[in-house]
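Take a look at this one; I'll ask things after.
Chain IDs A, B, C and D follow the sequence of writing; residue 1 opens each chain.
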Amino acid sequence: MSTNTDGKFGDYGGQYVPEALMPAIEELEDAYERYVLENEDGFMDEFRRRLRDFGGRPTPLQRADRLSERYDREVYLKREDLVHGGAHKLNNALGQVLLAKYMGKERIVAETGAGQHGTATAMAAAHLDIPCEIYMGKRDINRQRPNVFRMRINGAEVNPVTVGRGTLKEAISETMRDWATTVETTHYVIGSVVGPHPFPSMVRDFQSVISKEARKQSREQFGGLPDSVLACAGGGSNTMGAFANFVDDEGVDLYAVEAGGSSLDVDEEKGVAPNSASLSTGGDGILHGARTKLLQDRDGQIMESHSVSSGLDYAGVGPELAYLVDERRVIPVNVDDDAALEAFHRLSQEEGIIPALETAHAFAYLHEEYENLGETVVVNVSGRGDKDLESVIEETSKRNIPNAPDMSMFQGGL
Amino acid sequence: MSRVPEAFEDGPAFIPYLAVGDPDYESSLEYVEALERGGADLIELGLPFSEPIAEGPTIQSAVVRSLEGGMTPTRFFEFVEELDVDVPLVCMTYYNLIYQYGDEPGPRPFVEKAAEVGIDGFVVPDLPAEEAGPLREACDEFDRDLVFIVAPTTRGERLERIMDQVSGYVYVQARLGVTGAQEDVSDQTGQSLDRLAQWDVPKAVGFGIKTGEHAANIVAGGADGIIVGSALVDIVAEGHENGDSAAEVADRLETKARELKDGALRGVEQRVPHPERQ
Amino acid sequence: MSTNTDGKFGDYGGQYVPEALMPAIEELEDAYERYVLENEDGFMDEFRRRLRDFGGRPTPLQRADRLSERYDREVYLKREDLVHGGAHKLNNALGQVLLAKYMGKERIVAETGAGQHGTATAMAAAHLDIPCEIYMGKRDINRQRPNVFRMRINGAEVNPVTVGRGTLKEAISETMRDWATTVETTHYVIGSVVGPHPFPSMVRDFQSVISKEARKQSREQFGGLPDSVLACAGGGSNTMGAFANFVDDEGVDLYAVEAGGSSLDVDEEKGVAPNSASLSTGGDGILHGARTKLLQDRDGQIMESHSVSSGLDYAGVGPELAYLVDERRVIPVNVDDDAALEAFHRLSQEEGIIPALETAHAFAYLHEEYENLGETVVVNVSGRGDKDLESVIEETSKRNIPNAPDMSMFQGGL
Amino acid sequence: MSRVPEAFEDGPAFIPYLAVGDPDYESSLEYVEALERGGADLIELGLPFSEPIAEGPTIQSAVVRSLEGGMTPTRFFEFVEELDVDVPLVCMTYYNLIYQYGDEPGPRPFVEKAAEVGIDGFVVPDLPAEEAGPLREACDEFDRDLVFIVAPTTRGERLERIMDQVSGYVYVQARLGVTGAQEDVSDQTGQSLDRLAQWDVPKAVGFGIKTGEHAANIVAGGADGIIVGSALVDIVAEGHENGDSAAEVADRLETKARELKDGALRGVEQRVPHPERQ
């Protein structure tokens, strides 16, 4: 894993933030270097201990018997859905909230889209006894009420963001505004490998426990390394976490599976991309503090993205991932909403694991391209699908998904 | 040549901000012209970006109105060409719009075009000094100014790095946070001005100034100029909501501008000699 | 752990079932002895491997920092909420479904109350590729729709039981009827340490992994054994699982925390006990195949039980637990609905763990009686509370729970 | 002395079942009496238990109706005392009600009371032979019969253990599953009867018998009696739902009883000599 302390990944990355934030960002850079990279005061030891005892790590690397049979190759699942809270998100949230404590901060803010990062942050903040406020787009609040409720139950404040379309993009902007006002006492727990340096590197480091474990488990369980690793990419934190320790293993192909949404075409007029495939289709630009690949119109206005899974519904992507794609180390691919829903039902029925809709994208790609993925494939199960039940009912009933169970009794919702 | 220095020649500069195209192209032309009539020494023209991370709710809403009205960088340049004002103009926008404009990547085409239509300088809230190299170069090439924002938290090396690159004026952020009119003016301002005293560039203070009295206090405290955005955008927003005519709104803007300009002038008289500043 | 092969725990236990079921039960006894007790064909090895890789075991024994501080003693949490599916229920479901495969059965039936056992069984059945039907009371179906949906998503059929009050008791009866019709091809995966022998012993053995791990982790983490172990008791499977390996450690006090519901008084006229405290208040009787402690009226009719948590809402309890209570090895205690809700909010806010409402009962007892629980207390976190969000909104808004967050935005449900 | 053997003295026994108190105490008295008029040789009286795990939907509903009407063991015994029939009576119920009755734990008080009111025997679907010791003892003490159910799956040692304890008659379960009327009769019956041939106790077949023709077939196959429950309870349920008078329903029950009894008698004539049975 490359540790970049200059915050650049090729031309990507950097620190494109309002001046008011720069001191906080410099303070964070310093803390990142000391605590995370140098384990000062035993920070990383405490982090690892809490990840184990509170978070439930290590997560298994499970052979998926039926998928292995179906695709006639060895399919392994890295079970991040078993992490406390139900997704890989806690790896990062716990790390950052703990770091905030080491830095002497008194308050946590965070943005959330699907609510997974928000719930993870709220859990970590409750666990470590620090007040926490979560910004969430109004529209996402309506799409993900159980997660909103979980945050409230964990004692966090949830602040609705009403500007614009009311999704993740707006929530990030709003959290940056809060942070700009409160930098001295507050740490902003960003939810993915995005934002200004040191966030992309730091979040990657916290998430890289995924591939650290998976690499070791691969050796133990099948005596080698996988031929390919698949992970869905929204901001890219689970992707980077699942890839980081394999980047130097040239024989391991790394696939970042993005949300193809309903189409890869964009509507420039309306400023809408009906997908979230910034690695596959986006261009170089600056958003939320970093230079990276983005969904933007000709002028540079950020487009509204779309995905059936709110957690992938973001117009940007982590700068390191953009770099690794340009370097041809990571292969950007995408699958559409329908394929993701089908894969959701397939994994649920055949393996007894209900994946997050985000995660389902990785399995949809496996389904479409298994022949080209080699003998042994690791798929990162970034989260569980309990949060998605409402969406699945709604989205499945809109479509003709051949392998969906009869859901007429759920028409109209849960 | 950038005309920015002219704004600071005759006493304190009153620098109003409006989002171009808010709530529509035509009204917006009238509003900017009203500001000049009200006494503006330099005008900051906001080119709306979809993710205005440094703005508070007032300017966010202005941005939304403007974008919904079809504002784009191209329209913005047309606007500036059409605009009938005589004061220096500074374009305030986010870096991605500057970066994407034109055929080649990077800020040069944007700056070239801006210079051509009569923009004298730029303020880019999400572009820190560390990343400003290419834009600074383009500004030099086309003789434009590059204004930087200095926050209450900006100190030491960072401050020096910024002051190395700044030209035209330095935008002194009066308090932490985002743009938006406030009931009172922060006392962080005096400290910030103190820190900047050693640099020979005009210091214009912004963030939260709302009344003539604020303006007077700030200038009395040593500022070379005041920047006012949200208090003016509020007038546009209110007029829009009430369905008032553009002429009425323009009148109100002019009146408000005059109040602020007068306040600034009053502030000069209230200045007390300060031991540490010359 | 005592291994009883005669199916009796003192006078409790036995096999009070229709004759048609007896051959199946004898077949199961035989399979239990061979596969589970003697590890024939490596059954237990495979079970343990799947518990690890699919189930996510071992689960952590986590020191609860804030509860330890609050109660001025060492409080440890056994994190069964991190098991795949969100509760200890999978330990048993996976064991039994695997056993059904070893026995050559072609079909699984199971009952469910809260839906936790049903979802665990549906997951295990999908994982092991065997058709599965779940019986669930109509009323519980309405109370626990997300769990019903999860079962359907995992490919299970869910059969509504409309007889009587439509809760767990009726669902068990109905599942027994199905089994009586289909014994030859079908295995009945019972959801707790109840029913005829060998179920109580077998389910205990599958669940005893909880105390096996906890005992080892106690030695590793604090160099000794806890002074007391607390677990909520419905049917008693998590209780027996948490206690089994401590039964012979005389210094360890074992507390079975039952649902005190709204009151311990019963309404004989209506045949309703507004609680589920069969260990604390019930009498000796025969229900669902075993002699045990029950909530019954003077005549022996089974009472409708009640608890704010559907998973504890059962009129019976495992015969071994009844026996251990009579032997004074296990201490039966109970807490009421209000205390459980308060404890739910407390754990969520202070530890960042949203417990199942069932589990919350154990924490309510800790809150009330911590002074008498010794220096070191282990609480079994039998499950997570995601399934309970609707109930918590409803039940919290009916009451004055001092530590509940403001939930006005959730009035009317999620 | 138990009068159960009388039922099998003159040819095949027709044994109807009803849930006592379904849908109410008074009607239920009329219904049971109608069964006797229709030719019943022995009547099984169901004492409703809240968890009837061996019953199908028909009898479950009867149980619910009866319990809602206030049926209890005490009322059941009053019912039997009040009942004006002359045939032997067997009480069918679940073990917990037997176990809980009276002041001392165990089945003795229940059996004592039952004997006193004129019950001749018991069928307890959830009491297997292994657990039947105490009840068997009480039955012996009060000279009552204890009927056991033998399932199609009951073989070998289990069968012997049951046949060791059984008295009065053995209840041959015609097919797997729970009670409930069926469209046809299972061929598992013949095999079950074969397995039981060596024991000298009347074999009454039940589970699913619905028509006179079923009855004839079963008796022709070698049964000493037929037990019919759900087909009769269906008549009660239908009458209840339609609001028919108790007298009308009683008439229908009598008619149905006669059909079944006649069928049973016909069955004797259809018997073919069977090599393995004497």
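By definition in this document, contacts are C-beta pairs under 8 Å (C-beta built on N, C-alpha and C of every residue); 3 or more make two chains touch, one makes a residue touch a chain.
Remember, it's a predicted structure, so these values are computed and weren't measured experimentally.
Asks: Mind listing the chains that sit against chain A and also against chain D?
Replies: C
Asks: If I drop chain C from the contact graph, what connected components are left?
Replies: A, B | D
Asks: Which chain has its C-alpha centroid farthest away from the centroid of chain C?
Replies: B
Asks: What whole-Å value do you get for the distance between chain A and chain B if each is reduced to the mean of its CA atoms?
Replies: About 37 Å separates the centre of chain A from that of chain B.
Asks: What whole-Å value do you get for the distance between chain A and chain C if each is reduced to the mean of its CA atoms?
Replies: Distance between chain centres, rounded to whole Å: 34 Å.
Asks: Can you compute the centre-to-centre distance for chain B and chain C, using the mean CA position of each chain? Integer Å is fine.
Replies: 65
Asks: When you check chain A against every other chain, which residues touch at least two of them?
Replies: In chain A, no residue touches two or more other chains.
Asks: Which positions in chain B touch two or more other chains at once?
Replies: Residue numbers touching two or more other chains: none in chain B.
Asks: When you draw the chains as points and link the ones that touch, which shape shows up: line, ring, star, complete, or other?
Replies: Looks like a simple chain-to-chain line, open at both ends.
Asks: Which chains touch which?
Replies: Inter-chain contacts occur between A-B, A-C, C-D.
Asks: Would you mind writing out the residues of chain B in touch with chain A in their complex?
Replies: Within the complex, chain B touches chain A at residues 49-57, 60-61, 64, 67, 72-74, 94-101, 105, 125-128, 130-131, 148-155, 158, 162, 173, 176-178.
Asks: Going by the contact rule set out above, which residues of chain C touch chain D in the complex?
Replies: For this pair, the touching residues of chain C are 14-20, 22-24, 26, 163-164, 169, 173, 176-177, 180-184, 271, 284-289, 294, 296, 298-302.
Asks: Which stretch or stretches of chain C touch chain A in the complex?
Replies: It comes out as residues 52-54, 56, 59-63, 65-66, 79, 81-82, 84, 86, 122-129, 145-146, 148-150, 152-155, 345, 348-354, 385-386, 389, 392-393, 405-407, 409-410, 414.
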